[in-house]
Amino acid sequence: MYASKADRIKDECGLFGVFGNKDAAELTHVGLFALQHRGEESAGIAVSDGKNISCHKDMGLVGDVFNEKNLKPLKGRVAIGHVRYSTTGSSVLTNAQPHVVSYSKGQVAVAHNGNLVNAKQLREKLEQYGSIFQSTMDSEIIVHLMAKPSYKNKVDSICGAVRQIKGAFSLVLLTENALIGVRDPHGFRPLVLGKRNGAWFLASETCALDLVGAQYVRDVQPGEIVVIDKKGVNSLFPFSNKNGKTSFCIFEHIYFSRPDSRVFGNNVGKVRAKLGMQLARECPADADVVIAVPDSGNFAAIGFAKETDIPFGIGFVRNHYIGRTFISPVESMREFKVKIKINPIADFIKGKRLVVVDDSIVRGNTAKSRVKVLRKAGAKEVHLRISCPPHRFPCHYGIDFPNKEELIANNMSVKEIEKYLGVDSLGYLSWEGMMSSITEKKDRYCTACFNGKYSVKFDNHCTKHSLE
Amino acid sequence: MYASKADRIKDECGLFGVFGNKDAAELTHVGLFALQHRGEESAGIAVSDGKNISCHKDMGLVGDVFNEKNLKPLKGRVAIGHVRYSTTGSSVLTNAQPHVVSYSKGQVAVAHNGNLVNAKQLREKLEQYGSIFQSTMDSEIIVHLMAKPSYKNKVDSICGAVRQIKGAFSLVLLTENALIGVRDPHGFRPLVLGKRNGAWFLASETCALDLVGAQYVRDVQPGEIVVIDKKGVNSLFPFSNKNGKTSFCIFEHIYFSRPDSRVFGNNVGKVRAKLGMQLARECPADADVVIAVPDSGNFAAIGFAKETDIPFGIGFVRNHYIGRTFISPVESMREFKVKIKINPIADFIKGKRLVVVDDSIVRGNTAKSRVKVLRKAGAKEVHLRISCPPHRFPCHYGIDFPNKEELIANNMSVKEIEKYLGVDSLGYLSWEGMMSSITEKKDRYCTACFNGKYSVKFDNHCTKHSLE
Amino acid sequence: MYASKADRIKDECGLFGVFGNKDAAELTHVGLFALQHRGEESAGIAVSDGKNISCHKDMGLVGDVFNEKNLKPLKGRVAIGHVRYSTTGSSVLTNAQPHVVSYSKGQVAVAHNGNLVNAKQLREKLEQYGSIFQSTMDSEIIVHLMAKPSYKNKVDSICGAVRQIKGAFSLVLLTENALIGVRDPHGFRPLVLGKRNGAWFLASETCALDLVGAQYVRDVQPGEIVVIDKKGVNSLFPFSNKNGKTSFCIFEHIYFSRPDSRVFGNNVGKVRAKLGMQLARECPADADVVIAVPDSGNFAAIGFAKETDIPFGIGFVRNHYIGRTFISPVESMREFKVKIKINPIADFIKGKRLVVVDDSIVRGNTAKSRVKVLRKAGAKEVHLRISCPPHRFPCHYGIDFPNKEELIANNMSVKEIEKYLGVDSLGYLSWEGMMSSITEKKDRYCTACFNGKYSVKFDNHCTKHSLE
Amino acid sequence: MYASKADRIKDECGLFGVFGNKDAAELTHVGLFALQHRGEESAGIAVSDGKNISCHKDMGLVGDVFNEKNLKPLKGRVAIGHVRYSTTGSSVLTNAQPHVVSYSKGQVAVAHNGNLVNAKQLREKLEQYGSIFQSTMDSEIIVHLMAKPSYKNKVDSICGAVRQIKGAFSLVLLTENALIGVRDPHGFRPLVLGKRNGAWFLASETCALDLVGAQYVRDVQPGEIVVIDKKGVNSLFPFSNKNGKTSFCIFEHIYFSRPDSRVFGNNVGKVRAKLGMQLARECPADADVVIAVPDSGNFAAIGFAKETDIPFGIGFVRNHYIGRTFISPVESMREFKVKIKINPIADFIKGKRLVVVDDSIVRGNTAKSRVKVLRKAGAKEVHLRISCPPHRFPCHYGIDFPNKEELIANNMSVKEIEKYLGVDSLGYLSWEGMMSSITEKKDRYCTACFNGKYSVKFDNHCTKHSLE
């Protein structure tokens, strides 16, 4: 049995791109480190020397996949990189990205963050037309669409391809001499543009720009294609049917993105602190100390503490060494599996009435185990507070929530969950409270996982699980 | 260039032992995870099946060294494990522990935490007598001493050996059918005894007992040898010359041990919070927010905030994925090296007057870089607060501080350091303030790294650096 | 610098297939061992469990690529395997075979031995039509051709595809429930059918059948497709334009195939012995002993000795441990590079007049070095005898000879080569002598590398080197 | 199940040493390649830069253990290397050689070929005295003996140590600035001295000198210690009780050494050819062709053919790719295990009366399988000829024969073996015939494995198997 760093909700992917620096691959390598939380299963870098695209990718963390030896041959001034969790496609090497192909217009490498809702239809159509598929990834569909003979040039082929795909897609593409970024018309997933000393950068989150010392310039706009080459940055808006409505993923703020990133115009850590403050107003608790489930609950817990004047404390110690660790499946190890990642500090917990702030409850079993651990450590009362509403709907736009049936909030009322988890009280943030924590207008966000309002239609037979 | 998780102060080692569980090696494997912060360079487990001792050890983190395949053959009901940084002995495989040998009394495996001050003399004496050395580790000296022909049995040979060594040593030993723990008469390094379902445990810190679900029973006493076999736990006190004075390492509280551990009778996190509160009383600052250098400054920062009523905030995000990561030595990467581990959250820092709490300043260069990073992120004022007095003396008992010459507090006054680091103010906790945060009597602690009062004499030619 | 086992002429590939045994992948693994001499760069096995095709492949020898762990999941009763040298496509993982894809008719895995002469045109045409290429291999072209929408079913799509490709191609294909073998109308490369206990086998050479205990049934005919499924073995002959002329590669007999294989109806070892006997008749020499350049010259040397009554001896010892061995590029190592593979036995050579029999001279530098080594070991006379005519033309059908310019026989007369190599005499077998050693009719063979008579036209811009 | 290259008789070890070349480690690396047949389980190189000895060793073949990265740091002008099979000590990393230690006289590295008959007594005595053992190798005993305090200097300590050990031992030792070779008074194992451009070499066999381009100077004499340092080569003869009788291992000629080596004053290939000729005189056969079991029977077979005028042919093809290959333990693989290494060429065997020449029969099961394979391939008659007398006694001097009970010649008469193997006739070479093939006097050789006359006494409880 292997314990993964991320046993909860899997984000889909992280993207990075550089144009115009002789150490493009090294900078991408560094950028991917900052985005590692967006994908721990595989990592890859493709680089162009102006004539040829070369690529190295493998299963594993960035630090495991790349070393001095395999980075050295990745020469060139333009590069893209990718880290991924599997949403579509199983976890095998052929599904690692970037996806590099050659077609009638030359070579191209593609890296994708998101999930296409019409992947199955497109794939069937392409196969009918004569396409062969070597992976189960959405990104392979995109390159097939680009390869259709009618296009004049590469940019044209990219525009033509992305007009046909539906769903959530932020893309970075690499041609022999250009870096291209694409964000779907709804802007589900983030993508930002940065600059440093004449070089341009694309990244899923600003924390990656910080790490390479680049300045944040602006977000790539929903529905925008940015073509970066020696002529500079050129914008295209190929999506005709755009009604101006966006669907920024609210969960990027609640859980996915790094707190030091600026996402959809807001600093993530600040949003989380506000969520915690609003949560305190909506669901206060009479308690001695506010603790977080680290690290995702940290900011909201501090916000909660600030709003209530109950002191903030550290109740759990997180073990940072747990990568893909082998754990013997022996009987003696049972308890260990709960505690390997976060261990309670009994001296801070014993006899205390605790407010415990977490970002979400999915199936409920991890939460239940943690409550048990806190009780065993002597907690007098446990008041669990969640910094968003109950999750009741699956995501079709790139987040790997479990099926509807497995989401605890679909099967139990809040009172029942309270009882199931064994807490003294349970409070979720309201939808309105959540939306009030963000500066953008409410209707600019996708909150389908809370309210089932899906902005892009999908066919139930065509979603992620159908291909595998 | 490789970035290490721990670029600051290296702890020496972590020890773990199990007696009386059929999954002894698996439990040890788990226990070592909880102790990984005490040693990231090598890991090893030795196990006895009652007749033979087998061992697997290698360079690397616990999760890298052990897997299903190499754990499986480690069968038996008694085991010891070890994680290490090099203090004596270079970082090579032959220096990984446990050290397993056979001698006239049978087989024995030894794992050591600490540093012997008479290692060189003993080694020379042993070589004169005819001993051969295959490593540069102190633990090999111990087994040579045990092998002298005059002893009646194994326990006798252990007593005889440890009477001759001087300095800091917590040891766990494994014989064919016993688990033995030793703590030096001064008790420099921690060692605790735990129990679960009839099995006994030894560990450097209680957090390892927590992880395997064992109850903390008591500390192994300074000068005590505990022999655990089928007859139970038997105590010996072989050190005749003991005057009752102890020298618990104060730095275990300030930096080394995990905050969820109970060390020398105090919870580490609590001690750190008190250090922060006392620091606030001694060196207050007019500021908007208190932030920590994560993770070692977290508890003291919360204590500081609590005492001053300045809100606690998170100013840095720590990247948990940085293991032994290859970083290209290219020019573009310079800035990256400072930020790869902790990245400031500009939105929380910009325009703010900050109190920044850290556990120590050693050479000063890392601190200087971080101040620069905070300034760049827009900090208005930076008030640096250190939760212990200035480090001015090397440690001869197992902590890998740099030479006296490199310790910044030996070369500059506090004012000069303040200027060098570029902070608006710098405050260190006083020695008295530090000691007031601990419940035990002051003279039970070694604080030599602050005041140069070494409780165990050493010959400058015989310390750690002389053997390599 | 790495020394490869095969520094001379690279064969293209080895094929193996099994239908109807529950250990299909294991049998394929074994079969590939027997074919390892046909390709040392990568190895792969694809297996079908009746529903899905799974595949493992990697760079390296069969024994390096496969182990217990990665063979175990390859479950199913139908499998194909491949070992390869690069002729088209560089030596990278994406070029390892079998090539597994899904298309409108389902899944298919393809493995190819040979070289297509119209690869470039087909690829360009396919790209014009909208195909994307993820490798530089001919086999990817074949699956693209199969994917065209007009075909009724898989077999139909295979027939349609192979009708469009030109050049040398023996193929094994795997569908969900069938094993398919294809041999081009000229039959350049061998492919045989075998049987054991109800299971069917395809293999490049009979030595692989021997190893798995299968009986040789017959050669797959030039221009034949054998479809093996639960209904048995079915033959198709889809090539309409076949004029009955074949082009068996003569070099399979001279150098490539294993001496224990029966290829094109003749035992390879026997053919080589006859070549040696004929060589003795054509180019006798007054000498004390006949030695071979091991192992490829062994049989011809024994034939030469038998015909002339000069005793056969062993003059070189071959080192069997030279895999991909790292050799320091230091000055002291120069001599070593010549001798690492075969070392002369001075005691057998000193003062002797030697006949040295080898299979071919390509560039001449290896031969020159070996003559020097023999002289240094005391050889009195060196009479070099080559068991085929001079190589003067490149191969476009799958053998990786160097360019015409580098072939020594294009730049020098036999007399000049004699002088260049420093031998007392040099004799090549005549074309007629070579052909007389084979039982089949002369015009059934391709001998283009000797006489430049290419049976299948090629465009110079479309051959192997153009794509890389 | 793994198939090993050497499933028959394991040689003990190969030794190599260099003094006075700046690429000492690289030369040793090359030298070990030539000696790989003497030990396939582990490989190691130790090198001195004049001050420190560094070492790299691991389990595996030379080509697997060493690469550019780990060879590079092995800097210095003096080096020794070792390849080994386990005779004493199990196959684990701690038993790999050279054995590097530091003791009162400085550092020393030791590599050993042979087997000590008084290992157990010495070890017990040393443990009584206070020595600790970290491996189960004889070489560790030697360094313990060297470490005794009474010696004046390193050379003195080596002399003192080797005077106490009994049995077979060729040693190479490395000190900070000298290379030392030792050969036991009986000279069981070979050791030769070579020279090139001012550098000196020691090697188990001359084939290693050939490979590095060194000239053979002379054998290290039985009972001689050669000390090679900047003053040149100095000889010592420390063994007082030497009666001048030697015990050269006859099996080095018959099986172990490479045919291109000169061992004990005779070229190995030549001796084998003479053994074959004598065998033909003693045990002729009426047959069509003489074939060898490759490669060890090759020379004797050629000799046999020459003497009888029956033509020599190649009946088996050896697969050179079988390293430590995983073979699935599935039922279908049974036959494969016999044929994976050598496959018969049916076309040369069918209907023929064969003389098959092999070097020895140990347990008889491999021979039996091969006879079966030949019968299946159509052999009309099989006349097995063995180029030495029947093996009936174990070796206590370094060759890993099985126990007496397992040696077939102890349990059956020649007639019974003939029947058991299923051959038409079986002939062994006589002891006298064997000895007549060697130029040295008969009594200079150890032939104990044939006649049980052991020249050095041993205690049955003290031999190789007792320690494991």
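Some observations on this one:
Just so it is clear, A, B, C and D label the chains in written order, and each chain counts residues from 1 on its own.
Heads up, the rule we're going with is that a residue touches a chain if its C-beta (ideal position, glycine included) is under 8 Å from a C-beta of that chain, and two chains touch if they have at least 3 such contacts.
All values reported here derive from a predicted model rather than from experimental measurement.
Using the mean of the Cα atoms as each chain's centre, the chain most removed from subunit A is D.
Taking each chain's centre as the average of its CA atoms, subunit C and subunit D sit 36 Å apart. The centroid of the Cα atoms in subunit A and the matching centroid in subunit C are 49 Å apart.
In this assembly, the C-alpha centroid of subunit A lies 61 Å from the C-alpha centroid of subunit D.
Of all residues in subunit B, none touches two or more other chains.
In terms of which chains touch, the assembly is arranged as a closed ring, every chain touching its two neighbours and no others. Interchain contacts (touch definition given at top) occur between A-B, A-C, B-D, C-D. If you check the complex, the residues on subunit B that touch subunit A are 5, 21, 23, 26-27, 29-30, 33-34, 36-37, 61-63, 66-68, 71, 207, 210-213, 258-260, 262, 267, 269-270, 298-299, 302, 306, 311-314, 317, 319-328, 330-333, 335-336, 339-340, 343-348.
Residue ranges of subunit D in contact with subunit B, taken from their complex: 99-104, 127-134, 143-144, 146-149.
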